[in-house]
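Shared between the two complexes below is chain A, which pairs with chain B and chain C, respectively.
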Partner chain A sequence: MPHPPPGTYDAIVIGGGHNGLVTAAYLARAGKKVLVLEKRPRVGGAAVTEEIFPGFKFTMFSYVVSLLRPEIIRDLDLPRHGLHVLPLESTVTPMENGDYLAAWGDHDETRRELCRHSPRDAEAYDEYGRLMHHMAHAVRPILGMVPPDPTSFDPRDLLALLRLGKHFRGLGAERLHALVKLMTMSSADFLDEWFETDVLKATKSASGIIGTFLGPRSPGTAYVLLHHYMGELDGVFRAWGFAKGGTGAVSEAIASAARGFGAEIRCDAPVARVLVKGGRATGVALENGDEFSAKVVVSGLDPRRTFLQLLEERELPADFVSDIKRFKFRGSSGKVNVALDALPSFTCMPGVGRQHRGAFSISPSLEYVERAYDDAKYGEFSRRPYMDIVFPSMIDPGMAPPGKHVMSVFVQYAPYNLNGGWNDTKREAFGDAVINTIESFAPGLKSHILHRQVLTPADIERITGLTEGNIFQGELALHQLFFMRPAAGWAKFRTPVRAYYQCGAGTHPGGGIMGASGRLAALAILGDGA
Partner chain B sequence: MSLRQTPFHPRTAALSEGQAWRRWAGYVVASSYELSHDREYHAIRSAAALFDVSPLYKYMITGPHAARLLDRVVTRDVGKAKVGQVLYTPWCDSEGKQIDDGTISVLAEQTYRMTAADPSLRWLHLNAAGLDVTIEEVSERTAALSLQGPNARAILQVAAQRDLAGLRYFHLTDAKIRGIPVTISRTGYTGDLGYEVWVDAAQALPLWDALIETGTPYGLTPAGMLALDVARIEAGLLLIEVDYFSSRHALIEAQKSSPFELGLGWTVALGKESFNGKPALVVEQQRGPAWQFTGLAVDWESLERLYADVGLPPRLPTQAWRTSVPVYSGGKQVGYATSGGWSPLLKQYIALAHLEGTFGTPGTPVEMEITVEHRRKRAAARVSKLPFFNPDRKRA
Partner chain C sequence: MRLPPAVRWDAIVIGADVNGLVAAHYLARAGRRVLVVDGWEKADTRPDVGWVPPQIVRELGLGGLKIEHPDPWIAAPLEGGGRLELWRDVAKSAESIRRVSPGDAAKWPEFCARMRRLAGVLEALYVRPAPDVETREIGELLRMAGLGLHVRRLGKQTVIDLLRILPMSIAELLDDWFENDTLKGVLGAAGVWHLRQGPRAGGTAFNFLHHHVGSPAGVFRPPRSTLAAALAAMPGVEVRRGTEPAVVAVGGRATGVRIGGDEFSAAVVVSSANPQQTFEPLKAQLDAEFVRAVGNIKMRACVVRGSSGGNGSRAPLCVAPSLDYLERAYDDAKYGRPSAQPYVEAVGGGTELHVQYAATVDAGLAARVATALGVSTDQVTLEAPNGHLYHGELTLDQILFMRPVPGWSRYRTPIEALYLCGPGTHPGGGIAGAAGRNAARVILKET
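Presenting the complex of A and B:
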């Protein structure tokens, strides 16, 4: 391979988020000369760990590793670059009557706990688990495949569709029916078919609403229930958990692997636009005016920025532009990070113990979660929001000074389009609603708070660049998945501009710290003979 | 209980959630404290873990000829060791076959503490003929804790109120923890940064309490043998009665191994005047060992394919195994693996194996037997250098 002259590259990756870094690492691994340009002083995008308050490390935005693709872990040898995924096994849901529902790492323990609420549900739980195992096993291959275009007559598409069809036919009638239900029903309705314990349904369905502007009773939310079981399929492999050092350490590990393969990573290097000549991307221009040329340009940014900010509209087909303009973001989640001088004791399970090594889910009932959504529907943040709380310092003591703690609170709903817009007052009011709600389940929390950082969707957008603060680079709604992500006909990581590719979570399969988009994009680029 | 309890038992028993105990040298020690050993394992690699290692056999060897006795028995050069040094060493019978392995701590001039996995008093006495030396078993009198993991130093520094940065790998120092006299050695069985703390058995409980209290804010987690087993495989450390048989317990010649065959050639000081097994080991060194002790890394794609054939995702062992598993090359058996398991840290299925002749060369492709849905299959594997995991902090 002829080596490009200095200042020019085989590939430039815009954005050093985890997917951009994965793409860069795979391209560099294949011998390409790669440059990653990140606007912030550090890599990671929304997967960053920052010491916001002296001695306390906040896993700022994303806080768990979810389904990080095992093949990426292996191909990039991430454990050697510092990736260490630690178990995060239990979930405790405090109830408003002072009771709780707990799911522990041990199966017998969880069943006994469920039995306390409903012996029927405890039995159904195993059957449900078996069905979901089959569903997850059936759906999982999709995470690792380039979405075939169902309207195309390209033999490769036809072959992939044929394989996919056979794969699903092989499921058998019962499981196929269950799959259709999962893809179309609301998580609450789907769970109603199995369980009677409200708090169980509330907690399980909460996973279906994360990052979406939907409620547990909104159709199409059941599918996300599968994600959890996909994590369980990996079982001992553990691609699901808390990364030592927070999610920033995942980004650092990928960056270290990329550098190891020879990729160059520049931070504080915001890209202003992609240079296009004759319908072909030729390089990028930074905000400071510096230009770099490359044979291939890859954007790890979300679809709106990738197409409407980095390019001129006239460089794209009009129908495509309107598709991208209609692509839904609607950020709905916020994040509150708290430095604590001691752990809070929850009324439902007093004291400090192993419960703090897992998650606390503030989802006491389906009605509670649906009402939290109601606030958001009408442009307000939830007065009593759904929350997923973890104490990273209990899993990795290095996250806080010895004996002190950090608390990571994922909050929903906080609509991007708040009535009157977000400002400092609204942000603090949102932060207060979060802390007051937790305080109602864990009295005394407030007295332990040393510092709090409140991040609204507007903050998420401002800091990371994620449009409307959507944590998945665009809603994971059915009409925006698979061969429709981000737009019909353009779901294969290519774009209408030649030599310009997309690799972010706004492409298939998107969402979470999976890295699958980044890997598939790199494989597509290499397959095109770049 | 007809088995003995260690001096830490009142504390360890109180922590045992599932009453999972394992026998060790006639004692019971925890297999795991929690229902799964998962978190205990991760503590070793990400924070710190505390193990009760009191069942080790321990001997004090003192007197003008103490070093001479030890030099007769073990393969390493004890005479050259300085006060404050610790030696890991095997020892052999007169045929150069390994009897046991352990450590020798040079506590003071003419004062050594030897640890062993098997009772060794008689063997030491037999070898002490004509020497001016005192041998005393202190197994019950001396309790020991092993503190392992990246936070181990920070914890011990607070507990002992002194800087331990100067305590080098395989060295020891006297110290006091809350007034309790202890010996701290920078040793362990995890291949990580770690220390072992030796204490008079009467002071065992206050020492445990002091370490737990100091260590908890640093993530110190009491851990059992299941977690240790995973860590020691990652560290490529062999285990008697699992990875090799003591030549004194072997019923047939083929069950015996020499240090060269166990990857311990580096411990055999052939320059020493004479020691048990030297003539045989000299010959073996010239001829080259018949076996090599090495690592195996099982190929993931191969594992995935074998399971996909029966419609399952790959099943990985949830605990380290310790059975003998055949290893093949080109359809022919070329050795056997003796320990193995999933490394949660490295995300790799690893094993320790004995391979014939040149098959032990790192990078050699082989196949390891695995059982998939009751059927024997062969998964592709690659010979890997030991240790699998060797962090800088271990020696730094």
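Presenting the complex of A and C:
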């Protein structure tokens, strides 16, 4: 390959989120001259660590790691670049009656705890775990595969479809049926077939609603349950983990790997548009007017920005534009970051102890979570929301000043399209609902609060650029997955504009700090001989 | 007529409903001696709602059968007075919609054509047993490949529509197309028919298309016929009513049917009853996995039927003024209550009511239905539902090769010589006789 003239690149990656960085690293690793352009002062997108209050560091948006693909960790040698994941070992769910349900790192202890609630469920728990493990295995090859185009008559697509069919048939009847159920059912219905303890079903089903605008009784949530199970697969991360230094450290490690392969990363460099000549992307223009040319342009932004903001509509086929316009985002999650002078004590498990090294799940019953969804369905934030609470300073003391703590609260639901729109008053009211709800399970919390930051989907959109604040760059709904992500016929990371590619979570296989989209996009670009 | 129990029948069919009778007549036509038994004293005289596959009309010689669609097929009160009426004639409906939304009127013909094409794909799927995805048989594989080719020949847009729309919620689908709440309410109601799900639930777009099957483009309520009555009047099978029948099986093989104190023996037993009911007396002979799967079939009753006396309206009247109205009606059901403001549809001038969501008839329901229809409470008569009309909700995890339970979609059961042929099997309720015909064809091939 001839070396490009100075000032031009083999590839420009728009957006320094973790997927963009992964794409850049893989392209640079293959010897390409790569430039990453990030609009914010730091890389990471929604995976950033920031010192929001002096001495208190927060993983501002995302908060846990488990889905990062092991082949990426291996290929990019991320541990050498500072990636260090600390296990998040337990989940405690406080119940309304003062009791709790806990899952501990130790399997036998969890089993004894479940037995306390229901011996039958303790029995089913292992069998359920085995099934989900098998299902995650069954789906894993799909995560690492470029989706075939079901509408094409290209023999390669037909062959890939056949191979896919063969893969599923190879699972055997029982697992195939379980997979169909997981793809189509609600997490509540799916769990109803296994368990009787309500608080167990509520806590399990919560991972089926994360990032969606659906409730535990909405069909389609069982798939998200499985999506979140993937992380429990590989030897690398046995469970949900917390990156030392926060999720920003994951981004930094990938960025460091990319730089190590020779990629150039520029922050404070917002891209205004993609330059297109004769149906072919030739480079990008920054908001300040600077232009860079490249043989290939890759967007790590979500589909709406990738196509409707960075390009002119006339550069795209009309039916594709309408497909992208109806791609659903509907951000539903908020985040509350709190600086504490001491850890709160939960009524169900008084004092401070190992429980604070894990997560607290505010999901006391299925009805509780479902009602939280009902509020959002009609345009209000949940008065009593579902929350996933972690204390990163308990796992990585470097996150807060000595003796002090940070609390990270992932909250659902906070609908992007709030009735009357979001404003400062609404944001604080939402923050109050969050704190008051936690306070009801941990009286005294309020007196320990030094600072709090409340982020609504509107804030997430404003700061990171994620459309409608959707943390997955588009809902993980069945009709927006695999060869439909982001649009039928355009799920192979290519776009209708030649030399313009997409690599964000808005492409297959989707969100979570997984990096799979970024890797597959890089492989597709390299495969096209760019 | 008292039948001597000593007679051995070639086949006994449980259930004198459309599917049971269709299965019975197909078996009889092939020369089998068939007895049909039904627990109900009297035949249900209500019209049969749902597509009657033309194959059944042709093969059973039902040339005189009347299959009807009211015209207009629906009328919905408009907020500012007046009604939105939708007709068999697509252009006439568009005219009617134009008064509430010119934008929606412009999209109506295209919407109708696209939905019609998808319903056509379902029709092709419904007149045969569900594709067997686990098969190693070359014939079945070829059939599936043929079906795939058939769909692809309908064009790229149809393939995309199928993949995209089937798993969607009816609310998302309608929001993609239309803006008018009344129109979306009328169409959205078809998406939740006999489903304890709201219009925002994934898979309700499929349920909408399922109920479009057999209707011309632009008509989104199933046709109505008198298929069961026509079959009951047809010679060739014995029908015995009045006592609840139960399957008798010995050592994992069905030997006949018990009715009261009498036992009737048969070479084959075919049940159009609810799978849970059918298998209840046979549990000891079934493996635990199968019993669990049958127990897991979701069939949560949610529709109350009844009548409201004549309201003089020729067009069926639909009270579901918006998708949010339907969703709120569902919210109540989700927490185990009947809807405070139910979705109500009155057909045949009020002679038939469809009230959703309610699993039982509580004290205030009649009054709430009366309010919705604008009639007086004493005009409304409601009957508590006798289980789920479809013997299993038509959710995506309970259709095709997953219906009635995964691995047993081909009318056969783990009990030898016992077959299912009811709406609990593929293609499910709302299709008149397809399951009965599919089942009979399997039985004739296998026994």
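As a convention for this text, the second predicted complex is superposed on the first by the 521 of 530 C-alpha atoms of A that agree within 3 Å, B and C clash if a C-alpha of one lies under 4 Å from a C-alpha of the other, contacts with A are read in each partner's own complex, and residues count from 1 in each chain.
Operating definition for what follows: a contact is a pair of C-beta atoms (placed from the backbone, for glycine too) under 8 Å apart; a residue touches a chain by one contact, two chains touch by 3 or more.
This is a predicted model, so every value here is computed, not measured.
With chain A as the common reference, the superposed partners chain B and chain C fit together side by side. By the touch criterion stated above, A:Asp396 is placed in contact with chain B alone, chain C being left untouched.
In the superposition on chain A, A:Ile73 contacts chain B only, with no contact to chain C.
When the two complexes are superposed, the chain touching more residues of chain A, out of chain B and chain C, is C.
After overlaying the two complexes on the shared chain, residue contacts for A:Ala28 are found with neither chain B nor chain C. With chain A as the common frame, chain A serves as the apex of an angle whose CA-centre rays point to chain B and chain C; its value is 130 degrees, to a multiple of 10. By the document's definition of touching, neither partner reaches A:Ile210: not chain B, not chain C. Contacts of A:Thr184 after superposition: chain C is touched, whereas chain B is not reached. Closest contact between chain B and chain C, by C-alpha atoms in the overlaid model: 20 Å.
Note for the complex: chain B touches chain A at residues 35-36, 38-39, 42, 45-47, 151, 154, 217-219, 300, 313-318, 342, 344-348.
Here chain C touches chain A in the complex through residues 133-134, 152, 156, 159-160, 163-168, 172, 176, 197, 200-203, 296, 298, 324, 327, 331, 334-335, 395-397, 402, 406-407, going by the rule given at the top.
In the complex of the two chains, the chain A residues touching chain B come out as 70, 73-74, 78-80, 84, 86-87, 89, 105-106, 109, 137, 233-238, 244, 357, 396-398, 402-403. For chain A in complex with chain C, the touching residues are 150-151, 153, 168-169, 173, 176-177, 180-181, 183-186, 189, 193, 214, 217-220, 326, 328, 367, 370, 374, 377-378, 477-479, 483-484, 488-489.
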